Amino acid sequence: MEYHNVLTTCPYCGTGCALHLQVLDHQLVGVLPAKNHPISQGGLCIKGWNAHAFVNHKDRLQTPLVRKGGKLVTATWDEALALIAEKLSALKAESGPDSIGVFASAKCTNEENYLIQKFARAVIGTNNVDHCARL
Amino acid sequence: MAEETRIGVYICHCGTNIAGVVDVGEVSRWAGELPNVILSRDYKFMCSSPGQELIAKDIKAQGLNRVVVASCSPHLHESTFRGACVSGGLNPYLFEMANIREQDSWVTTDKLEATKKAKALVAAAVYRVSYQKPLESLFVPMDPSVLVVGGGVAGVQAALEIANSRRHVYLVEREPSLGGHMAQLDKTFPTLDCSACILTPKMTDVGKHKHVTLFTWSEVESVSGYVGNFTVTIRKRARYIHEELCTGCGICWEKCPKKVLDDVFETGLGYRKAVYTPFPQAVPNIPVIDRPNCTYFIKGTCQACKKFCPTGAIKFDQQDELLTVKVGSIILATGYEVFDARRIPQYGYGRLANVFTSMEFERLTNAAGPTGGKVVLRDGVTTPKSVGIIHCVGSRDVNYNNYCSAICCMQSLKFAHLVQEKLGAQVYEFYIDIRTPAKAYDEFYQRVLKEGAQLIRGRVAEVTNEACLPGEDGKLIIQVEDTLIGKQRRIPVDMVILSVGLQARADAKEVAIKFGISCSVDEWFIEKHPKLDPVATMTDGVFVAGACQGPKDIPSSVAQGSAAAARVMSLIGQGEIEIEAATAVVDDGTCVGCKECIPTCPYQAISFIEYVRKAYINEALCKGCGTCVGACLSKSINLKHFTDDQLVAEMVGAMQTMKLFEAS
Amino acid sequence: MSERLTALRETIRQILPQVDGVIGLKTGPAGIVAPYLFKPGHPEMLDSLALWPKEPVPDTLKIIQKAYPNARLAIVCRGCEERGVVEMFKHAQVSLENLTLIGLQCVQEEALFCRCAKPYTVHARVTVGSPIAGVPDPLTEAFAAKSQAEKLAFWKEQFQHCIKCYGCRNICPQCFCNVCALEDEKWVETGRLPLPNPSLYHIIRAMHMTAKCVACRECEETCPAGIPLAIHFRLVARDVKEMFHYETGAVIEQKPPQLLTLEEGDYERSGLP
Amino acid sequence: MYEPKIIGFLCNWCSYRGADTAGMARMKYPPNVKIIRVPCSGRISPELVLRCFREGADGVMVLGCHIGDCHYANGNHRTAKRMAILRQLLEYNGIEAQRLCVDWVSAAEGEKFATLIASFTEQVRQLAPFVEIMQ
Amino acid sequence: MTNSIPEFETDSNCFLIIGSNTSEGHPLIATRVLRAKQRGAKVIVLDPRKNQIGHWADVFYTFRPGSDVALFNGLLNIIITEGLADQAFIAERTENFEEMKALVAEFPAERVADLTGVPVEGLYTVARLYATQKPAAILYAMGITQHTTGVDNVKSVANLAMLTGNLGIPGGGVNPLRGQNNVQGSCDMGGLPNVFPGYQPVTNPETIAKFSKAWSSSLPTPNSPLSNKIGLTVTEMISAAGEGKIRALYVMAENPMLSEADINHTRHCLEKTEFLIVQDIFLTETAQLAHVVLPGASFAEKDGTFTNSDRRVQRVRRAVRPVGDSWPDWEIICHLAGKMGAGGFDFVSPQAVMAEVAQLTPSYGGITYERLEELGGLQWPCPTTEHPGTPYLHKNRFSRGLGHFFAVPFKEPAELPDQDYPFTLTTGRIMFHYHTGTMTRRSKKLDSEARQAYLELHPDDAQKIGLNGSRRVRVSSRRGQIELNVRVTERIKPGVVFIPFHFAEAAANVLTNLAIDPIAKIPEFKVCAVRVEALSGTEHRGGTDHRSGESERRTRRDE
């Protein structure tokens, strides 16, 4: 019997509303607005109120998938990451770093965006890194 | 992929009833353009055989899967057209009716407006029908035993009919004996045969019938269950007589020293003992001890009856018993009460000695009655020379009962005949209208007229003993406006008979609630349909017979007794019972278990299933009123055939049509 | 405020060993408060116990009890929250068995903030703070005095700001249905902003709050459009009290009135023909 | 002057038959009310009434059996309570309660039915069209 | 955003909202505008559609999509000619005023009214109100930027704010509202082809040197410098993939298959990509084309920070463990880098990553998890751990020194309506969905609110195309066609139609034009020419639209 609220930031628009994820025994059970937060002040829009709804959706990807014989089949992390590492290294060697492009994401955290551009720039060696800021 | 909706629409002309006002051709053309309507026809009489065949044929030939008929009230022909759908192979619940006669052509003056309204009503039905779903009825096994409540002539008749078909009957009667009001009567109109002579054989038949269990001096305590499966608890009141030991020899009431005024059977004109049977031919012929009047129970002494009883059947320590029986159907034949004439003070009943009620007169003139059949005044000796009989006492009167009590005209004419026959006295009848609609009734009326009775048309204003004209001394004067000659008249008579009306029993409402049926404003039990289903009630498996449903004469009561028996037998014959398909169901996926619906159900059909914390509706108990639907906040209850989708669609159909006309 | 906090902390500290958990408020990151389940093994968590802003704790109770129907719990509740628990009990959403109510009496400024007529508990046997009298609700009074046309104009103005976040419903502990009529296109137009006129959203919600609203005002607080939603509920509550003699949260045994048959005088007071 | 659009919900056992009675007696009344048959007035949820208004109805009638005369024992008791509250709520929303008629008509009261339809139609006609006040 | 969200409530006296459906796109920002209005501030909304905020604005005008520059030039001209410009501000803080003034003089109100569809008096009302009610904030969103003239539009916005001295003051400013929760952050973090974190240009040798040094352990050889060649944008990368120039794409949590303009083209290009890696939480339309799909974690399953529109860095906290065998995205990248033999990716937590960010990014220099825990959020620039953050920018000087007025000539959108394609299509968002619907369409409550795409059409146009009560239409452009339901509404300007772009089955971006802004490379989502045809026979006379209610309940029960 563990119940607590985790303060976090809404994953939808750029307003930056805060919300509490209600957690009972390591399961999300709902959302509560955060009353004295400077941006959202205890309010949320419909998307924020339902921010937890997709987290446990049955369509969530649960394992890596690799295309074999035209179909995506489940794979281990090791398998998938090894395949990517091998393939990217080979293409980079063959056609140069600028034959590879990386999409960062407006839905991922700052840290992840930092890491992926670092990955593109330092590990691959290209500035072909962009995200959907324009969309 | 859902099946394509294919609707057939039929507009009935109803001769000129509809077509004379509504442009049926135009409505039909217009309906043809409504969504999913495959064909639209208009026809002279949809309810005729060719009309019905048209529907069945179209269903097959055109592959219709929904049918709308715009004609009269569904109360008249819904079942007809449902039948037509079934014969075409369509589930009857895929049919919908638009009422363009009672609600349109008959009530709308402007023809253009009437046509518009017909369009809106047809559109409503078309929109609704596409949301209708085929429903299959639920079947429950039918217990072949029957409960009959009331041992008057209607109940006796019903019990006999059923018992004779070798089905078991439990007959419950409140009084110590079967017989009811009919046992009190002297002669019966218009044939003038002796009431007791025709009734008592039937009573005896019932009393000794091997398929009848008789509970007299008993009442129904409670009823639960539903058609096919009722559980009835009967309170068998203590008679203080051991029924098996008693032989009905009569020594006890002979020996009983306590005389009691008999105000039930003898209407207060005669006496009985503290241990008694109401009348000699009582069935069962077993007395009861009248506890409030019995000396033993009052003082602890006497015990005369016990001392003399040859079989030792007197049991002062007997207690009420509660018995439970299982039955599949119930017939209520609880009868009526007579109107209390004291409520009309100007007629003097209870104040003026020689004002009698009709029931008192029955006892007076009855050979088995307190006077041995001598018609005398209250003094017990004087024979009246002139008798005034007042009709409609307490009936057809806005101050008391609005309705006609049906029997009073004939009973009054019967009294006229008896008075003239027995005394040769002058009879005046004061009437509003003479109503003699049944077989041989009017002939009897003509006969009484020929016998010399004087009929005066007018509602009696007053009965008084205050003489003010010569010849009025010592008489009762009847003050009346003779409406045929338009004059006030004062008729002095020796005796006045008040032909009191019939009214529902004082506890009718209570009984109705107990059996889950309804009462009208006048507290008569309400039948399912006044014309087409006169003995069934809204509660499946509960039927009514006789005067508890409304004022009735003997032939009608007997006919209803038989009719109710026939309905019951038909149910039993089916072996299992179809339960109303339009019941409510809980969607347990969405029910949040708030218990809001449970107290709303008038039939206790909803229970709370604790381990899933959801509501559950027993479909066999549900009568389909939908009150729970209106209460459910999460909209988790749906009433089949009256779903929100269907009602909203119907409303949208009507609204959109109205808006369309508004825009154009 | 801090006196009450100390007293409450002490009360919980005493109750904690006798129960499986105490529902109360806890201060989290950046001073933001949220409901929390204090557990017997961790009295140190009480250091971050909080009083204000209040949160819809009856709902927290429901969440925990649905998973742990037999848990022995205590809940810190203000007057409105206590009423909420009682009403939810009547609708079989929470259980009063194994539940200790710790009544927290509101102070004047809190009562004024909520325009609260009953800022005190009545059922809780353990209480903290001393009860104060209710305060008037000037907003509702001012509304009630308006003409029909003014009322219509008032709501038209207010409702055009509604962004249909469902926050008023989501936060309401008394709105516990799994499936909500407000989300059904049959009743409420979906996906349209601003709400069309008339929008059934707020009327149906007010209807559903009849004899249920406990006047906690959580809906108003969470409304991004600042709509004074409680006006509806409070006026209807007044009618329910007048017509059917029912007040939410007042008597635990009293059944909600709408479902029952008419009692003596109900019908006359309803104003119907 | 305009022609009000009115929806009438009538219980099957009393009011609908009352309407039939009026019809059989050829009593004339205005054609504005379109009748929807329900088993019992207790079936009529407030949502149903409100949906009529949403659809643009100028008035709604809810007719049931007389109190104490319900074919389902006491279904109309709930109608009496619900509709009383709903009328208040309409007022609080600035919608005239006169647009919602709640009354009781027995099967015998054809005349009362016809009179009621006529008077309610007139009563609604006196008010502005519903769609207009909502603009 | 130059300014902060809370300032709108407390400081702003006027709002000019253009190209933003604020109450649906950024509801809680609209809340602030509403509160400001309730204390007396004026709200001006200009949009091709009368969106919700337009309903309660003090002043609302529709204008022709793509005529933004003309509109702004007209407003600038009125303000200058009426003498409402902030002369002191212009003199002290700006340059190139005269050139701009000369250009806008060619935009007299009458001409602008013709070009935009805003009446002359409307232009005056807007200009006077905005110029006089200081501080005045301009709020805009993709309605300004998603044009071939996107950069021009933004310059025009800046012109207006500078002309009235509405920059560098609380409650004023130029405030682009960010559509996605961390679009600001991914830009800040260098998720752009031309800059390192903190907008440090890749073309600057010093920056290259700084990062080459800091990241040396990650480089193939410690001394090989980072590339100083500006990379390709998303749109360019996709096209390059189609041409075979890009051979591998690593897509982290993006769904270009729905979000890019001209989806048919995008599909073609992605299908041709030799090696497509997609890292996401759902099997998106893009992931379905991938060669390798990596399951990432949702916001509830990982720690980190997001930076919102007003540059506020706030925490995201892990509430539950990732579903199945999915990993937080930061862990995936670190593992992948490790697999490729790179060092410098051995972070133990996002907190450690932020420490490195702070070191390399001056504007994030003072941002630490400890401070965020205590303070909640910090607005950059926040250079040191003592710095309280910066609520509004350009207080005493612009970052480049003086504010530059641009003379912006008016250009028509790339595609204008003609005889074959007579309507102007504009796309946008609705309240109930987010971007490509990957998340929101999997939320029952959101999806039931809006489960289908629809086209907004003016009643006059409905009559013109002979809609005749039908509820379905086919919309086609030179690039493709879709079929969808129609909503006839007076909210939209005649001649213009609107489709929300969230719905894959009737994807608006099948129709949109891939023409891009020459500088920002942003596609012109907001304007293209389409044809609308009524599809007959499906529904009758307005139809039975409550039917959706029933099917909705059925679906819910099935789940």
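Order of writing sets the chain letters: A, B, C, D and E. Residues in each chain are counted from 1.
Keep in mind that, in the parts below, a residue touches a chain if its C-beta (ideal position, glycine included) is under 8 Å from a C-beta of that chain, and two chains touch if they have at least 3 such contacts.
The structure presented is a predicted model; accordingly, all values stated were derived computationally and were not measured.
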item: Label of the chain whose CA centroid is most distant from the centroid of chain E; value: B
item: Interface with the most contact pairs, given as the two chains involved; value: A-E
item: Identity of the chain that, by mean CA position, is farthest from chain D; value: A
item: Separation of mean Cα positions, chain E and chain A [Å, integer]; value: 19
item: Computed distance of Cα centres, chain E from chain D, in Å; value: 51
item: Distance between the centres, which are taken as Cα means, of chain D and chain B, whole angstrom; value: 30
item: Where chain C and chain D are represented by their mean Cα positions, the distance between them in whole Å; value: 34
item: Interface hub residues of chain C, defined as touching at least two other chains; value: 29-32, 163-166, 179, 181, 184, 186-187, 224, 258-260
item: Junction residues of chain D, two or more chains touched; value: 46-47, 51, 74, 78, 82
item: Of all residues in chain E, the ones touching two or more other chains; value: 27-28, 31, 315, 317, 376-377, 431-432, 445, 449, 546, 549-550, 553, 556
item: Residues of chain E defined as touching chain C within the complex; value: 23-24, 27-28, 30-31, 34-35, 38, 51-52, 55-56, 315, 317, 372-377, 430-432, 445, 448-450, 545-546, 548-550, 552-553, 556
item: Residues of chain C touching chain B in the complex; value: 91-93, 176-181, 184, 186, 208, 255-256, 258-260
item: Chain B to chain C touching residues, read off their complex; value: 589-597, 599-600, 608, 613, 631, 633-636, 644-645, 648
item: For the chain D and chain C complex, residues of the former touching the latter; value: 46-47, 50-51, 53-54, 67, 74, 77-78, 80-96, 102-104, 133-135
item: Chain B contact footprint on chain D (complex, rising order); value: 2-3, 5, 7, 13, 16-17, 19-20, 22-24, 26-29, 31, 34-40, 42-48, 51-52, 55-57, 66, 69-75, 78-79, 82, 106, 114
